[in-house]
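One chain, subunit A, links the two complexes that follow: it is found with subunit B in the first and with subunit C in the second.
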Partner chain A sequence: MLSLYVPGGSFIHRAPAAVKLLILLIGSAALFMVSSIPVHAAELVLIAGLFHAARLPWRDTVRQLRTAMILLIPIFLFHVFITDWVLGLETVLRILVLLLLAVLVTLTTKPTEMIDVLEAAARPLRHVGVNPSKASMMLSMVIRFIPMMMREAQEILEAQRARGLDRNAIALLMPLLIKTLKMADDLSEAIEARGYDPEPVVPVWRKKG
Partner chain B sequence: MIQVSNVNHRFGERAVLTGINLSIRERRVGVIGANGSGKSTFARLLNGLLIPDNGTVIVDGLDTREDVKAVRRRVGFVFQNPDNQIVFPVVEEDIAFGLKNLKLPKHEIAQKVDTVLAKYGLTHLRDQAAHLLSGGEKQLLAISAVLVMEPRYVVLDEPMTLLDLRNKKLVLDTIHTIEQPVILITHDLDHLQDFERVIVFDEGRVVADGPPREATRRYTQAMA
Partner chain C sequence: MTTRDMVFVALFAALTAACAVFPPFQAPFVPAPIIVQNIGVMLAGSILGAKRGGLSLLLFVVLVALGLPLLTGWKGGFGVILGPTGGFILSWIPAAFVVGWFVEKYWHRLNFWNLLLFNVIGGVIVVYVIGIPWLAVVANMEFGKALAGSTIFIPGDVIKAAVAAAVAMIVKRSYPLVHA
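This part shows the complex of A and B:
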């Protein structure tokens, strides 16, 4: 689920994560300033070209967009019945361009590269006591451990089903919580064993002198 | 050299290690014992993951109680379950994690990661999501991630317990190639035949210590 990155050697893969995220940011803002169906259609064609250049499997792209596509239909229908279909088409195209751009960046950028950019961007927050290094570490671990937690939950459900218990959220919660705490304990040991030692952050109001 | 002197350790009311005195200078040392015998606790003392209630653990003159960071840099630790040891989502990023903690420059990190990936046959997996690797590949990744930091000693806590036969062999072959002194905690006596020394734990005490044949004979007798 979270292993969204698709390895590759295209120029989009090789582009620095900061540049890609910046383009995504500026592109998203610009999208809402332009109100033209032909322009949005041209953007779609351009993005399709970028997907082709990145040699991304269509299956991964479609999987990322499936849920969003379900939402686009009611948005379009809402405009058809309440305002007009032209506005509906424009809105849907705009959201689609935005989604595709975000998916392109996600599929071609390693999670840690993105996190490194966010860590660098969050550096000014050190002055208010936020430790960007700890925050980025936390994000990385969330990405790493969510698939593991899902697998653990699946194993617990299967074990319960094998013993005659049908799907029961409360019965799942307790063993999952215990496993998660054990996992967190093991992980903190592993991180310590590999010398993790983030620099302490002191907010400006606690600095002396 | 690792010197363990007069070590006692308790978890709550339960004494897990009692009166441990050992000097480790050999290149290949095996540690065996029944479940709950204290061998994993002993392993955790060696790189300062645990500080003993009493006694000292000295690694190359550094006391784990006073210089724990320096000790951890010297003693690499591989855990039983690689899933709990792999911190980053992508293979090469996880290998780079320890090097970043050592504050090495980026180009040096990249070069060391390349070398270790090639050395342990993981180059083709460098961009893979760690959770999609096989059990053996995960354990190889965990070992590589420790070795890339070039520790002086490597402690491996039952690294083959969760693996099938083929992956066990893969990991064991890798362990044989490690240049540094190795301290291997295991249940499998066959893995220790080439080792110089085997230490047997029982109920928190060292009950045998010597060449593999003699030590494993004592262990087998105790288990009978």
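This part shows the complex of A and C:
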């Protein structure tokens, strides 16, 4: 499955996705109100404990953090040379806490669970013209289409490499776009052929109000 | 919104993700590598228009936030959105919308040069206006310094806008989707 999720049975894995996302949301806002190195260091220890409790394999965590390091090191060096190292340490610690918290949620929550939370959270938006079931249908479609499109892109890349055109952006994008546009008609017909109706007619006797 | 519209929105979100497959380009006289992925942002706006293009990128960003590794280099997750470069990713939603808005408004007079301009307004200026202050706040940088650090990406971004304009013009001639 195309996802960063790592299966497990810890209490963090089992916690409802809504709770985890809410904590992440509040936590990330709170982080920017605190500027103290000891507090951030304590948070780091706490998060390390949570990672330990979630029994995540080191490999996955390290891989997630490696890309973050590419950004954190220049930011720290920037502060060392331009402002001062205390501010740099504080900034880097804060970003690290934020990233680790987010990585923890990402690694322990199934994307499908998060989509369900989103659909529930989007329900009040119905009053401003958003259709939550359509939105989650589209999300599911994207998840289904991504591996398909990546395969197409990979094929085009290989084909153009054989022609020596793999360094030509137009030669890569144009075939991918043509395939996309051709697919769109077939897919929408296939979806409707299976009885999907984006705006189902609600019988008069079921309408409220 | 018809089923066909929904399929287009989903396909262009997937297309933006699939652009992660293409390796970054190294153009002469351009210091930073050119990542193909933000061409997807401009293409969604210039081929689908404002509403569908913006929605398509909204779906893409939501899926990145939910933890699918869709960004170039197989990055993803909530951490990327909250991190120093998160503003650049979030800005893709209004970026596609703005490109699409101009394309809809000037659809009948669209040519390579004004489409290039619209791609630069939406796909470069909107992205920088959101991304750079975000970087400055998260990384505790001075705004001017964050701006200066980002200028090395401008030449590459303009090349991307030109590629997107060239491709979208071909699509407009053969398969118009905004005012069919």
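Methods note: the second predicted complex is superposed on the first by the 167 of 209 C-alpha atoms of A that agree within 3 Å, B and C clash if a C-alpha of one lies under 4 Å from a C-alpha of the other, contacts with A are read in each partner's own complex, and residues count from 1 in each chain.
What we mean here is this: a residue touches a chain if its C-beta (ideal position, glycine included) is under 8 Å from a C-beta of that chain, and two chains touch if they have at least 3 such contacts.
Computed from a predicted model, the values in this text were never measured in an experiment.
In the superposed pair of complexes, A:183 makes contact with subunit B and with subunit C alike.
In the superposition on chain A, A:105 contacts subunit C only, with no contact to subunit B.
In the superposed pair of complexes, A:141 makes contact with subunit B and with subunit C alike. A simple residue count on subunit A separates subunit B from subunit C, and the partner touching more is C.
When the two complexes are overlaid on their common chain A, residue A:82 makes contact with subunit C while staying clear of subunit B. According to the touch criterion, the shared surface of subunit A, contacted by subunit B in one complex and subunit C in the other, consists of residues 2-3, 5, 111, 141, 143, 148, 183, 187, 191-192, 196. Chain contact summary for the complex, subunit C toward subunit A: residues 1-4, 6-15, 17-22, 25, 36, 39, 43, 47, 55, 59-60, 62-63, 66-70, 73, 75-85, 137-142, 145, 160, 163, 166-167, 170-171, 175, 177. Across the complex, subunit C is touched by residues 2-5, 24, 28, 32, 64, 67-68, 71, 75, 78-79, 82-83, 87-88, 90-91, 95, 98-103, 105-107, 109, 111, 114-115, 118, 134, 137-139, 141-143, 145-146, 148-150, 152-154, 157, 167, 169-170, 172-174, 176-177, 180-181, 183-185, 187-188, 191-192, 196, 198 of subunit A. Residues 2-3, 5, 7, 110-112, 140-141, 143-144, 147-148, 151, 183, 186-187, 189-197 of subunit A are the ones that touch subunit B when the two sit in their complex. If you check the complex, the residues on subunit B that touch subunit A are 44, 47, 49, 69, 72-73, 76-77, 79, 81, 83-90, 93, 97-98, 101-102, 127-132, 145-146, 149.
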